[in-house]
Each structure stands twice: as structure tokens, then as C-alpha cells.
Amino acid sequence: MPYVNIKVTREGVTAKQKAELIGGVTDLLVRVLDKSPATTFVVIDEVALEDWGIGGVPVEQYRREAEDRLRHIGQLVEPITED
Amino acid sequence: MPYVNIKVTREGVTAKQKAELIGGVTDLLVRVLDKSPATTFVVIDEVALEDWGIGGVPVEQYRREAEDRLRHIGQLVEPITED
Amino acid sequence: MPYVNIKVTREGVTAKQKAELIGGVTDLLVRVLDKSPATTFVVIDEVALEDWGIGGVPVEQYRREAEDRLRHIGQLVEPITED
Amino acid sequence: MPYVNIKVTREGVTAKQKAELIGGVTDLLVRVLDKSPATTFVVIDEVALEDWGIGGVPVEQYRREAEDRLRHIGQLVEPITED
Amino acid sequence: MPYVNIKVTREGVTAKQKAELIGGVTDLLVRVLDKSPATTFVVIDEVALEDWGIGGVPVEQYRREAEDRLRHIGQLVEPITED
Amino acid sequence: MPYVNIKVTREGVTAKQKAELIGGVTDLLVRVLDKSPATTFVVIDEVALEDWGIGGVPVEQYRREAEDRLRHIGQLVEPITED
């Protein structure tokens, strides 16, 4: 009788996608551990972007900074790799 | 100092009912484990129906299917039990 | 950056099965929501049988009672279905 | 289909007490919200004393300090209340 | 790769304060346990006042009653401490 | 009255480090949100390495693979950066 809690950022997850998550994770527990779907609960939490932190900052700031780092690495690599 | 988290589907639970849950579960912990109410936290989460899965499907679909199964069993049993 | 918590009863789940759960649920989040595996956490909790309740009783008692009910239904149905 | 998680400090809770918690909280959800016991999960977590903090310190230190404060208040009140 | 969940009552916590919580708790895990910020998740939940119980009652009722007790203690102490 | 749950991998966290986490996160909630320490709970969970997944694999495998990737990048960069 498993209980699964899935937390994702709130960014337009549809009811159809939620149903796919519920079905997929239940199938997984049936396949791997032979659990009964009838006693498998799945609870999905959508978390507002300002409520989710990673790298010590809220997730939106984290993504902006990650993009900046990627761009910077690209600029460092470019002079080396171009002919 | 217990911490209790109660998750239920969001279906019109009133503030009065929440207060009853909070009081009831705190009394239970006092009675069974002699805990102090002053350091007993209860947090209630109401979960949207589309965010709760059971039987591999969202809860509303699960309930519809369960009703169908009950009706089907009724139809199977009826010819046997009627005079 | 999803976070998934899977709670199952402690009944000899192997490290290999846990790795399958971790891989399967991460694949699911990639496929359904296009999430990055690098920022997908999965935490598995094994819960002792005496710590898991369903139907108002600990899970072992629940299973015994469910078997008894099934056997009883079988005995009720048998005289009807036999020739 | 409620899910209830009860966290208490690990201090010799017996299997019988756990069964009382499971039964009591399930009865409460039946009585207050008319929930079905068959789809009510209760999961109990016992937390080691060093893993539980309150008042900014681990719970054992918190209890010692609370006793000291009570004793000190007693000493302050005694000269006032004695004949 | 720590995961931290912070639950507070919903009482006007700003995005700036949330960012401070995320930064502060991540710094703490770096300092005390040498964890990597890149794999440290922080999820903040704001809980409605009617969904949080303490002392066996919802938090607003608890605060009113605590103020009443303090006022009553003040009235008891006053005749003793005044000249 | 905040409730904080800190999950870290079980890798020899000492009671002293746990006390530092409890103190640090309580101080943070006092400083940022003016919360009372007396009603601030902190619960620490140590999670076995095989129970924690990231990148679709258990954490130990993830770390080995991350080291391999770093070594490989080092080998790619070396011929470019050496004189």
C-alpha cells in the first residue's frame, strides 16, 4: 500500500499530465514491487516558483544564472574551437 | 511534541470540521501517549481532486469506476437472489 | 526540479528494486513534464508494518481480515455456483 | 481517502499504542468527514530525540532547560506564597 | 543533496523573505555539513491559519487564549509586585 | 509556529552537527519572520544512500558518474590549456 508524493513547480501542469503521472507511478509500483493499485495513493503538489529554492536562490533566479553561466562558457570555448 | 499532517481531498471541508480534526487528534495523542497539547502541531492539507490518485487514476475517475463495478455486481447478484 | 517521496511497507525491498523505482519515476517525469533528471530527487521511505495503518488497523491485521472476508464470500458464493 | 502522518519522538511507543493511534485517527475522519476507513492511510514516524528540535535546541536539552525554568519560578514564588 | 521543507502560517510572507529563508538554510547546510548548494532543494509551504492547529485548537484561537492567560497572570502578579 | 523538515543522506552526521542545524534554522526563522523559537519544530531525517535518487540513479552511482564526467572534461581541456 504505497503512498507517493510528487512535488513539481507550478508551471501549467495539465489535468491530463497529472493523470499520466498518477498512472505511470502506479504502474511502476505494480511492476517493480507487485503492489496493488487499489491501495496505492499518489498526491501531486504544485509549488509556486517563489517557494522553491535551489542553489541557495529561488528557482527563477537559479535558471537565469545557469543560462548566464552557459553563455559565458560558450564565449570562453568559442575562440579555442573556431578555426 | 508530536507533529501530525492530515491530507484530505478538497471537497468543502469547513473551518468547524478542521477545528474538530485538530481537537480530536490532539486529544488522541494526549490519551494514548500522554503528549502535551502545547507542543502538538496539526497541519491540514486539502488536495485538489485532480492531484489525488488511487487505483492508477485521479480520484474522481476512480469513484465513477467503483460505482460502475458495484452496479455491475448488483446486476449479477439480482437474478440469483430474487424469488 | 521535482521531488518525489515514495513510502512503502518494509518487506524486503532490495537495492536493485529501489534503483528501478528511482529510474522509473525519473523517466516518467522526463517523459510527461520534460523535467531534467539532474534536478530530480527521489527519496524512498520503508515503513515498518506496525507503523502503517489502513482500514483503522495496522496493515498486517488488515490483510488477515481481508483474507477472512474473501474466504467468507467464497463460501457464500460456492453453493450458488456449484452444479 | 485521507492520508495521515503522525510524527512522535522515539521513546518506547508500543505496537498496541500505535494500533490505538491508527484506530483513533481513522474513527475521527469517519466521524468528522464521513471518510471510508478502507481508503484511509495512517503512517507513524518515530523520530530519534537528537533529530527533533524545539526552541532552537534538541528536545532533550529543551526539556532540561524547561525544568530549570520551572524550578526557578518556583523559587521566586515560594517566599511570596508561604505564610 | 539535502531537501528542506519549511512550513509557516500564511501571514503575508514576502518573496524577499522567502529568498532569505532559501539562502539562509542553504548556507547553513554548506557550513555545517559541507553540502553543495547546487543539489540543495528548499520548498516553502504557507499554511492557512485555519489549517494549523496547536494546543488542540486552530492557531488564531490559540493565540487569543495565550494572550488571555498572559493578561490574567499579569493581574495576579500586579498586587504582589506594586509598592 | 514553523515546522521544518531537513532530509540529508545518512553519512555520519553527528549529534553536534544536528544541534547546529536545529539552532541555525531556528535563528533564521526568528531573524527573517520574527517567529518564536518555543513554537518552532525542526525534524531531521537521515536517508540511507540507496534510498536517495538523483539523475535517475541512486546517489552513490550518481557521484561516481559525476566524477567520471569531470575527469573526462579535464582530459579534453588539458591539451588546449597546456603550453
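Order of writing sets the labels: A, B, C, D, E and F. Residues in every chain begin at 1.
Everything that follows uses one rule, which is that a contact is a pair of C-beta atoms (placed from the backbone, for glycine too) under 8 Å apart; a residue touches a chain by one contact, two chains touch by 3 or more.
Note that this is a predicted model, so its numbers are computed, not measured.
The chains that touch chain A as well as chain D are B, C. Contact tally for C-E versus B-E: the pair with more C-beta pairs in contact is B-E.
Comparing the contact residues of chain A and chain B by number shows a mostly separate set, under half of all numbers used being common to the two copies. Chain centres computed from CA atoms place D at the largest separation from chain A. As a whole-number value, the distance joining the C-alpha centres of chain B and chain F reads 34 Å.
For this pair, chain A with chain C, the centres built from the Cα atoms lie 22 Å apart.
Averaged C-alpha coordinates give centres for chain B and chain C that are 18 Å from one another. Between the Cα centres of chain C and chain D there is a gap of 28 Å.
Along chain F, residues 1, 3, 7, 21, 25, 41, 43, 52, 54 each make contact with two or more other chains. Under the contact rule stated at the top, the pairs of chains that touch are A-B, A-C, A-D, A-E, B-D, B-E, B-F, C-D, C-E, C-F, D-F, E-F. By the touch criterion given at the top, residues 1, 3, 41, 43 of chain E touch chain C in their complex.
Across the complex, chain F meets chain C through its residues 7, 47, 50-58, 61.
Those residues of chain C whose C-beta lies close enough to touch chain A in the complex are 1-9, 13, 17, 20-21, 24-25, 28-29, 31-33, 35, 39, 52, 54, 59. Only residues 15, 18-19, 21-23, 25-27, 37-38, 40-46 of chain E touch chain A when the two sit together in their complex.
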